Amino acid sequence: MCRFIAYLGKPIMADELILQPVNSLIHQSYSAGEMTEILNGDGFGVGWYVHPISSLPGLFRAITPAWSNTNLLYNAPLIRTNCLFAHIRSASEGGISEVNTHPFRYERFLMMHNGGIPEFHRVRRKILALLDDEVFNWIKGQTDSEHVFALLMQHVKEMTVTGVRLTEDQIKQCFQKTFDVIQQLKTEAGIADVVSTFNLMVTSGHRVFGTRYSSHPEIETRTLYYSTGGGFQCKEGICKMLDADSGVQAVLIASERLNDCPEEWIPVPENHFIAVDRNLNLLLSPMHC
Amino acid sequence: MCRFIAYLGKPIMADELILQPVNSLIHQSYSAGEMTEILNGDGFGVGWYVHPISSLPGLFRAITPAWSNTNLLYNAPLIRTNCLFAHIRSASEGGISEVNTHPFRYERFLMMHNGGIPEFHRVRRKILALLDDEVFNWIKGQTDSEHVFALLMQHVKEMTVTGVRLTEDQIKQCFQKTFDVIQQLKTEAGIADVVSTFNLMVTSGHRVFGTRYSSHPEIETRTLYYSTGGGFQCKEGICKMLDADSGVQAVLIASERLNDCPEEWIPVPENHFIAVDRNLNLLLSPMHC
Amino acid sequence: MCRFIAYLGKPIMADELILQPVNSLIHQSYSAGEMTEILNGDGFGVGWYVHPISSLPGLFRAITPAWSNTNLLYNAPLIRTNCLFAHIRSASEGGISEVNTHPFRYERFLMMHNGGIPEFHRVRRKILALLDDEVFNWIKGQTDSEHVFALLMQHVKEMTVTGVRLTEDQIKQCFQKTFDVIQQLKTEAGIADVVSTFNLMVTSGHRVFGTRYSSHPEIETRTLYYSTGGGFQCKEGICKMLDADSGVQAVLIASERLNDCPEEWIPVPENHFIAVDRNLNLLLSPMHC
Amino acid sequence: MCRFIAYLGKPIMADELILQPVNSLIHQSYSAGEMTEILNGDGFGVGWYVHPISSLPGLFRAITPAWSNTNLLYNAPLIRTNCLFAHIRSASEGGISEVNTHPFRYERFLMMHNGGIPEFHRVRRKILALLDDEVFNWIKGQTDSEHVFALLMQHVKEMTVTGVRLTEDQIKQCFQKTFDVIQQLKTEAGIADVVSTFNLMVTSGHRVFGTRYSSHPEIETRTLYYSTGGGFQCKEGICKMLDADSGVQAVLIASERLNDCPEEWIPVPENHFIAVDRNLNLLLSPMHC
């Protein structure tokens, strides 16, 4: 059920995030270390921002596995960015196609998900009924992920006063409402006890938000870590997060630790909201079930 | 906006229908003769029945153009069938993916479409609202075609008494109702004057039904022809419909004439329903706007 | 480094071989049981014969993994055949493309390989130098496998007197010569000690030939089994080789045992040639290093 | 037989070259204006340099048509480069695969071709015999194009003294020798009169070289134009080459005129070599048959 990485910080080359680490997403695509299913070969996607040029992110998605994609291999070393999302897919809901591949893009936002809503078909139609026409028409595929993000975007739209950026707390409320609504729909469909999991990440290219959330947190959800420091740097095959002597200049949020330095990685607690602001301040805040 | 062929009759090899004719679907994929847009390279699909083995059809779909597909080239000569649908796509609504490629398959039925509903997004949500959960969940893609077939299947379900096969007239009513509903929804959306076109084909493997229909029949719709005879046979590069001396044993319904024998092909009149029954009797019947 | 199955016998439905067994090739594509690398997601291919129709085999190849291919899922249940080769790929030499996907097709023959020649680039050019123009031009890809088969076909051509089918012993000599030549070229290139492995299968649709061979048989090569009986049959989810009470009517040669009935599967000894004739008599014969 | 564009000059956004012009490569992929075959849907590729980051080019290739590729659509607007090659393919020799898609990449060079060697199989083996092992092993596909470039690279290697960059005249000699050798091989194969055409482009990211060349220049070869000016700029849907008031800052070499301003485009004469140096000085020089 997928793995991902999110980066916000000083400019970095995409291959230092995606290709070079010893437990890179490429490695996780055929040999994920912290999942029961080690295989994530149902496609992958990379989104990144180049702010001087555009507020819209680039987005490269493919339905072939990450481990064999030459376009990724050739081009990641040329992409310099301050904000990147990359995701490898192990399909549960929805077939293999580009529109079902994360990250999803809504206006200038990128979104990706590790987790799922089993028996999704029982709630899909009801989720759709809650969306306005614009968000409804944004959905292109059949994944639970895309529908969850649509519902999240619906809540964000409803809360947004024109021109005023939402606070971190307001965004957290949007996530909470999304999970509460889904749980309510599950209950109405008679599947309240089915475990739905939401390691979600969303970014505008300037801030990053996410959750490590489960409807049943007593049951292990997908791993999620964060790492902050002076920069994520690869040298002679070793990729490390540098000390933050000059202040935090890089934040990584990842499904798995990318290197063999466990001290660099802090688990995101279960059922918590995580936010990284423009100054790379990181907030963790509990959510309720 | 696509081209297709439908065959019902005595067993025939798939390549005699798809590859060998001088104006085969392969030829039409890069050089269609009777359309403004001659290109149909956004994928293709072939569905066929092998009744001794299964009532469910085989279905091969690809997102690459027909003209370069080696799987089609190798395998069409080995498929013997009495009922075949083949379609080449020029995408209007919906991106390029397998789920957006015709023919669509619903239970044992195959369906394909040449035509479209411009500004489809204005009516899509309302079409979906008319579907029961089972048909709603059947839809996998974003094409107007798949939604039209869903609405058609909804009408077929509503009209069907368990175990009793619908008559040709009842099936015609289902098509008529589908077009009337769409036109009504277009009117409510303020696009009544937008021309929507429906060269549709549906089969169970035993009977074939279809339409050549436009909301505005005074404007030229996509071409559609039929040909009946003793068999469709390719010899030394020439493919012809044989005379029906021993009775009709083959019926072809096609967007374009497959050979240079215009006398073999009769245009389906505009806004008509066409039906071919198990005995290969062919019925044409007018529909209203 | 790949897994495969080969079938020769009375007509069988392709899905009984490829989809239904508990350790089917689909299962092995993401979870092979008898290999260090359990993943075989770099494409797959199926070749089969329908002799009343053609002496040429059908061939379906795809670069996406077997586990997610809907064309395979839909169509395997409609293919009835007496001879089938199916292969799932874990790429070593050669990129991901259809031309690098097994089975390979040469005239009416199908060929597939599990194994490889490490440092293949050191011998590739010399192998090519041994081929006549016709075989040279047959090669379309960059795999060691395709080059090995080209060399095998070269030896078959050289040994064949027009119109006279080679005996099993002559075919065995062709395989032996192929391995000996490759080992000689490896020695000239200074890589004599690199272990090259050849679980090869070849068929004309009427007879099946193959090897379980290594340049260094004291080191474990890829597993290979055979099973013979009255027929391979799937019932209520269990697939079994029936007893040969009425004589042998089915022969399976497979990288892994397809079911949980180890008594049905006999390992092909290391460095042996295997042949199945038109009457399904199975021959095992030792080869030298 | 393909279309392409080459750009060298001040930094430009890739979409201004590939997507925005009224006769962009996207438009030419389904409706090329200056060819008999208007269709170029057998894949496409884009290569570009980002010199502060790397001397190696990025390279994105796909086997699906350019007109429907969302990765191209999303990402071209984020690529800023001073040197770009883009190519759309209409396959003649070699199947549809990434390795057969231009541009080809050899070390830091990019190469693309519009034209071909009919009956290529008659000379392919002999071309290969002229290559050293390193260039021989570089070839991954089956196109005449890739083999022509291999031969060109072989000549460049033979002429290069270590560390000394070849002059424009020396590079022209390498092209001439390549064409002469091919013509000689064609003669030996009995196909001297078959017309082989070579609109070739090669770049290191700093200089651009190419030819408009035919073995039979009295017969029309593929169109090729160049345009130089102060910059290629798109504004409100119109893309123009600006006047060179402040000196030439942009050079475009393209199969077709990208806009409706014929005065901006000068045809490259038949059988001429074209070179653009680091200062954007453009040289045209005749070649012999």
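Read from first to last, the chains carry the letters A, B, C and D; within each, the first residue is number 1.
Simple rule for what comes next: a residue touches a chain if its C-beta (ideal position, glycine included) is under 8 Å from a C-beta of that chain, and two chains touch if they have at least 3 such contacts.
The model shown is predicted, which means the values in this text are computed figures rather than measured ones.
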Response to the item:
Per the touch definition, the chains contacting both chain C and chain D are A, B
Worksheet item: Between A-D and B-D, which chain pair is linked by more C-beta pairs in contact?
Response: A-D
Response to the item:
Across the interface between the identical copies chain A and chain B, with over half of residue numbers shared counting as same and under half as different, the residues used are same
Discussion item. Taking the mean of the C-alpha atoms as each chain's centre, how many Å separate chain B from chain D?
Written reply: 42
Worksheet item: Which positions in chain B touch two or more other chains at once?
Response: 70, 95, 98
Worksheet, complete the sentence: Counting only contacts in the complex, chain B reaches chain C at residues 13, 50, 53-54, 56, 58-62, 70-71, 74-75, 77-78, 80, 98, 105
Worksheet entry | chain A-facing residues of chain B, complex | 95, 97-99, 121, 124-125, 128, 133, 136-137, 140, 142
Worksheet item: Can you name the residues of chain B that touch chain D in the complex?
Response: 30, 39, 41-42, 63-65, 68, 70, 91, 95-96
